[in-house]
Amino acid sequence: MIGSMSSYFQDAVSTLISLLTLFSFLAVIVLSLVWLERKALGRLQLRLGPTRTGPFGLLQPIADAVKLVLKEDIVPNDAERVIFWVAPIIVVISAFMLWVTIPFTPGIVVENLENMGLFYIGAVGVIGILGLVLAGWGSANKYGVIGGLRAAAQLISYEIPLIMVLISVAIVTQTFNLVDIVNLQSPVPFVLVLPLGFVLFFVAGLAEVGRTPFDIYFAESEIVGGPFVEYSGAHWAVFFLSEYINTFAIATLTVLLFLGGWSGPFLPSIVWLLIKIYAVILLIFWIRGTLPRLRIDQLMAFAWKVMVPLSFYLVVCCSVYVFYEMPWWALTVMSLFGLVAVGVIIYRYITAPARKVAEVRERLRSLQMTQEE
Amino acid sequence: MADKSDCTSEDVSDAPELDPQISKLKTALETEFTGVDLLFSMTDQIPTVLVPTESLHDLCIFLKTNEDYDSKMLSCMAGVDYVDYCQILYVLYSINKNCTVGVKCNINYDSRVQTVSDIWKAGDWYEREIHDLYGIEFEGHGDMSPLLLYDGFEGYPGKKDFPFYDYQEY
Amino acid sequence: MLSTVKGMIQTLSSTFRGLRRPVTKLYPENPTVLQNRFMGFPGLTWDKNVDEPFCTGCMVCIRNCPTQCMTATMKDNPKFADESSKRRKIVDEFEINLNRCILCGICVDVCNFDAIVMTHEHEESGISRDGSRMDLSGLLEIGGRYQTQTGWQPSSKD
Amino acid sequence: MMQDNSENQTIDMMLNMGPQHPSTHGVFRMELRIDGEKIIDVKPHIGYLHRGSEKLSEGEQYHQVVTLFDRMDYLANFNNELVYCMAVERLLDIVPSRRTEYIRVILCELNRIASHLLYVGTIGLDAGAMTPALFSFIGRDRIQTLFESISGARMMHNYFKIGGLKEEVPTNFVSMVKDIMPEIRQDIDQAEKLLTFNEIFLSRTKDIGVITADQAIDYGLTGPCLRGSGVNYDVRKSEPYSVYSDFEFDVPVGLDGDCWDRHWVRIKEMDESLKIVEQAINNLPDGDVESSLGRRLIRPSAGEVYVKAENPRGEIGVYIVSDGTDKPYRLKVRPPSFCNLSAIEPLLQDSWIADSVVILGSLDIVLGEVDR
């Protein structure tokens, strides 16, 4: 009796310690991401990024954090106070909860949920939307309401392809365990097996974390920050934190599911994992530094007309592959076929204006020709 | 000071080389607007017609629809305060014919003038601006709310008697 | 899609270009080079031959200032009495409200005595609105700094 | 159960956009009535930057008014100064020297490029891309440094005097302009390449905010906004002022009158401006730039004058009534942005909230000029 109690106590303590470790680890990661984003974006735009605080501006995120925490926390008069306060907490808790089961190496994980890792990720990832909607509504601001509704529409739409890709990976690997999934990728990373899955997951992931070109729900030039418009100080910092944790989570999942996780020669596995994750994150920042933003209807059309059908197609492909026990390159071929379909569809729908422009230029040229004659 | 042969509204004969434009406008208008007192002059190389308020609207429609003038664009509308009356200048421009015609209209401050915003949409904001600055009411204009000034501004700042360095608390 | 990819390649190449030759310059260490004709705040010049300001307080600049940012008074020049100076009158007080000044340079154009110049000073700051009024000594100081920096000489027109 | 539907009626939402909104280009305010994300109705409010420039001009002498024109369209200072100086020169019946005119044209065209470069940046920001803004400012900075070395100020130059220039250009003016020309061309390419044919940008701007040619003329649109609708109207061509008749250049014209066409017209216009600068700098005549008036007080005889010119934003007109004193009796500006902005109501009908920002950006208004 006493023994079981003490083992239970030990379990609780070890879980608590690992949670605290995770929390501080993520905080450090977020600080590094803030610095990296400012620096990378600055460099992409021919700026220098932060330079003043510490060497290369390395202490800038700490200065930011201190400033944000010390700032006055303003609650609007008409705001629903409870909801206003609870919303950021929901967002950040859901962001942290995701991390409980994500392994960094087979050894470093808080609690590897063996039979339901992917399932847990799919389930917990959705909670954050609630927080965003509540934040928008609770702050009694019309921009906030619009932003919250946009967030709900966008995140729920892109959750479907995301989960479908998770399911297809699970079908191929016959497991929900992330460690097993990574180990199964040791000869061939899944990016070669499921290129379509990789693209779908990455694009849907960008939309999930609201990164350009899908930063619609807080588009600062249209709805001035959306759900976050009334938040300031520490509350805003919490949203900021969760945004970066989510970005990091999506990058990590991309690496774990498609890029072979921690496997790699020479270097220790955790280093390989971090290298891959930061590469994916830099790609996200690079996209942010290049592209404009889509409009909400174009975004939804892209989700429901392109992403969702393709993700279903992917699930069917994987099922066929597993059922007939085909060689792995068969799946690649099928997946590539899907990618070509993506290309065609994007070409048809997204570049329709581009073709029209070409047509217009042709007409203009002929007009000028006739004028010259 | 350089001496200058200026073309004021009273003094037409000083610009003989531009007479053909005026005479053309004159013949065109005098056949259409018989019995209406029209004065022709030049505003800086622009043939200008001074029109009484009551026939302003008809004249504008004529200048817009007439093929020789084809003034599809209301280029500018300016109010000038001459203390006892206000003069409104309409600068009409035709893109097809590349010609400019000016229309002037003298208005007493207590009378109203018909709007041209139903002829040219551009007149909408110009008239609101003139209403702001000079207090002239435009008949038939739907929305005469202040455009440049704020609601509750007192006085008409375009007028000459509006104090220059006075300050209104908003 | 092609144009998107092109754009991404462009941002990447500009990154590497920027790494080699950054466009941004750090400000206090690396201030922007001022062009010779740069118009900063107006200052009054000092006649080193006679050791007095060029300004006689004739009020031409004050009348021509579009924003009425200056005031000045004149007095009898004590040096005229002992014949060390040709100036019958000399400036007594001169004040420019730098908050009102729009740095248009009209005062320099109209001045007949080369007494006022647009200096290269542009980094003034103060903690109150009143702090941006500059009196005669301050104006002579920034004018004198301009003179030594650029080797300004009065034009020979008077 | 069927009766309950009546309570589920949606109502329109009033959304106040501006004057403190980041993408209303200053202090413009729109009262939007929206149904979900669709705009049903829009009511524009201007006047937050109304400084009464026209009234102030009535209290300033003729040579002081130039400073007020600098501050009207604060992105195209030289163009504004030019049209005012032309107006007073015509009132005085004097003609500036040929060299003066050439230098004025060079500076105006460079200023047009600078203004359009800023436009490229802001339309990028409105569409959600922030890099073009920073790229375009490199070219803009180059041009402004040139302006600084010529006039002494980066923005509010006060360099054009009535009948001449304030002072002779620096001795290395020609080589300076020739040096920066290829660099500016590169900067323009760099800034616009990220946007013009980008698929996302195209889908955001093509067929958005369409205004037909007739409608545009009716609303008095000028400049790139009118040319985007396919009307070939450029004051530089139709009534050449200054020395524009000496130069060969094309007037780029769009076809559909949507946001992308307006964007494209501006991009092409920068190339044409460079062409003009190139021709002008190669044929720069010698001579004097001093005003024939000297330093005399400007006191035109009584009369009135209406002069128009092509600004980066469209046709600017200046109407001056002189009563023979040293101050204008009445000065009226026909601001291009004012007319362009008045077409915002038909442009925004039935568009999305996100489009409203792009449409406003494609009109390229300067509130200093709208409100004066």
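Per-chain numbering from 1; labels A, B, C and D assigned in written order.
Just so we're on the same page, contacts are C-beta pairs under 8 Å (C-beta built on N, C-alpha and C of every residue); 3 or more make two chains touch, one makes a residue touch a chain.
Computed from a prediction, not measured in an experiment: that's the story for all the values here.
Asker: From the C-alpha centres, identify the chain that is farthest from chain C.
Answerer: A
Asker: From the C-alpha centre of chain B to that of chain C, how far is it in Å?
Answerer: The answer is 44 Å.
Asker: Where the centres are mean C-alpha positions, what is the separation of chain B from chain D, in Å?
Answerer: Centre-to-centre distance between chain B and chain D: 25 Å.
Asker: When the centre of a chain is set as the mean of its C-alpha atoms, what distance in Å lies between chain A and chain D?
Answerer: The separation of the two C-alpha centroids amounts to 41 Å.
Asker: Please report how many Å separate the Cα centroid of chain A from that of chain B, as a whole number.
Answerer: Chain centroid spacing, chain A to chain B, equals 61 Å.
Asker: Can you tell me which residues of chain B touch two or more of the remaining chains?
Answerer: Residues of chain B touching two or more partner chains: there are none.
Asker: When you check chain A against every other chain, which residues touch at least two of them?
Answerer: Correct list: 44-47, 289-291, 350-351, 354.
Asker: Quick check on chain D: which residues sit in contact with 2+ other chains?
Answerer: 131, 135, 138, 194, 197-200 - these are the residues of chain D that touch more than one other chain.
Asker: Which of the chains touch, listed as pairs?
Answerer: Chain pairs that touch: A-C, A-D, B-D, C-D.
Asker: Which bits of chain C are touching chain A when the two form their complex?
Answerer: 1, 3-4, 7-8, 10-12, 14-15, 17-19, 22-24, 26
Asker: Hey, which residues of chain A end up touching chain C in the complex?
Answerer: Those in contact with chain C are residues 43-48, 51, 286-287, 289-291, 343, 346-347, 350-351, 354.
Asker: Could you list, by residue number, the parts of chain D that touch chain A in their complex?
Answerer: So the residues of chain D touching chain A come out as 13-16, 21-23, 37, 124-131, 134-135, 138, 194-195, 197-207, 253, 255-256, 260, 352-355, 357.
Asker: Under the stated contact criterion, what part of chain D meets chain B in this complex?
Answerer: Where chain D meets chain B, its residues are 46-47, 50, 52, 54-55, 59, 90-94, 214-215, 217-220, 231, 233, 238-239, 292-293, 296, 299-308, 315, 317, 319, 321, 329-330, 332, 334, 338-339, 342-343, 371-372.
Asker: Enumerate the contact residues on chain C facing chain D in the complex.
Answerer: 1, 3-4, 6-7, 10-11, 14, 23, 34-39, 64, 66, 102-106, 109-110, 118
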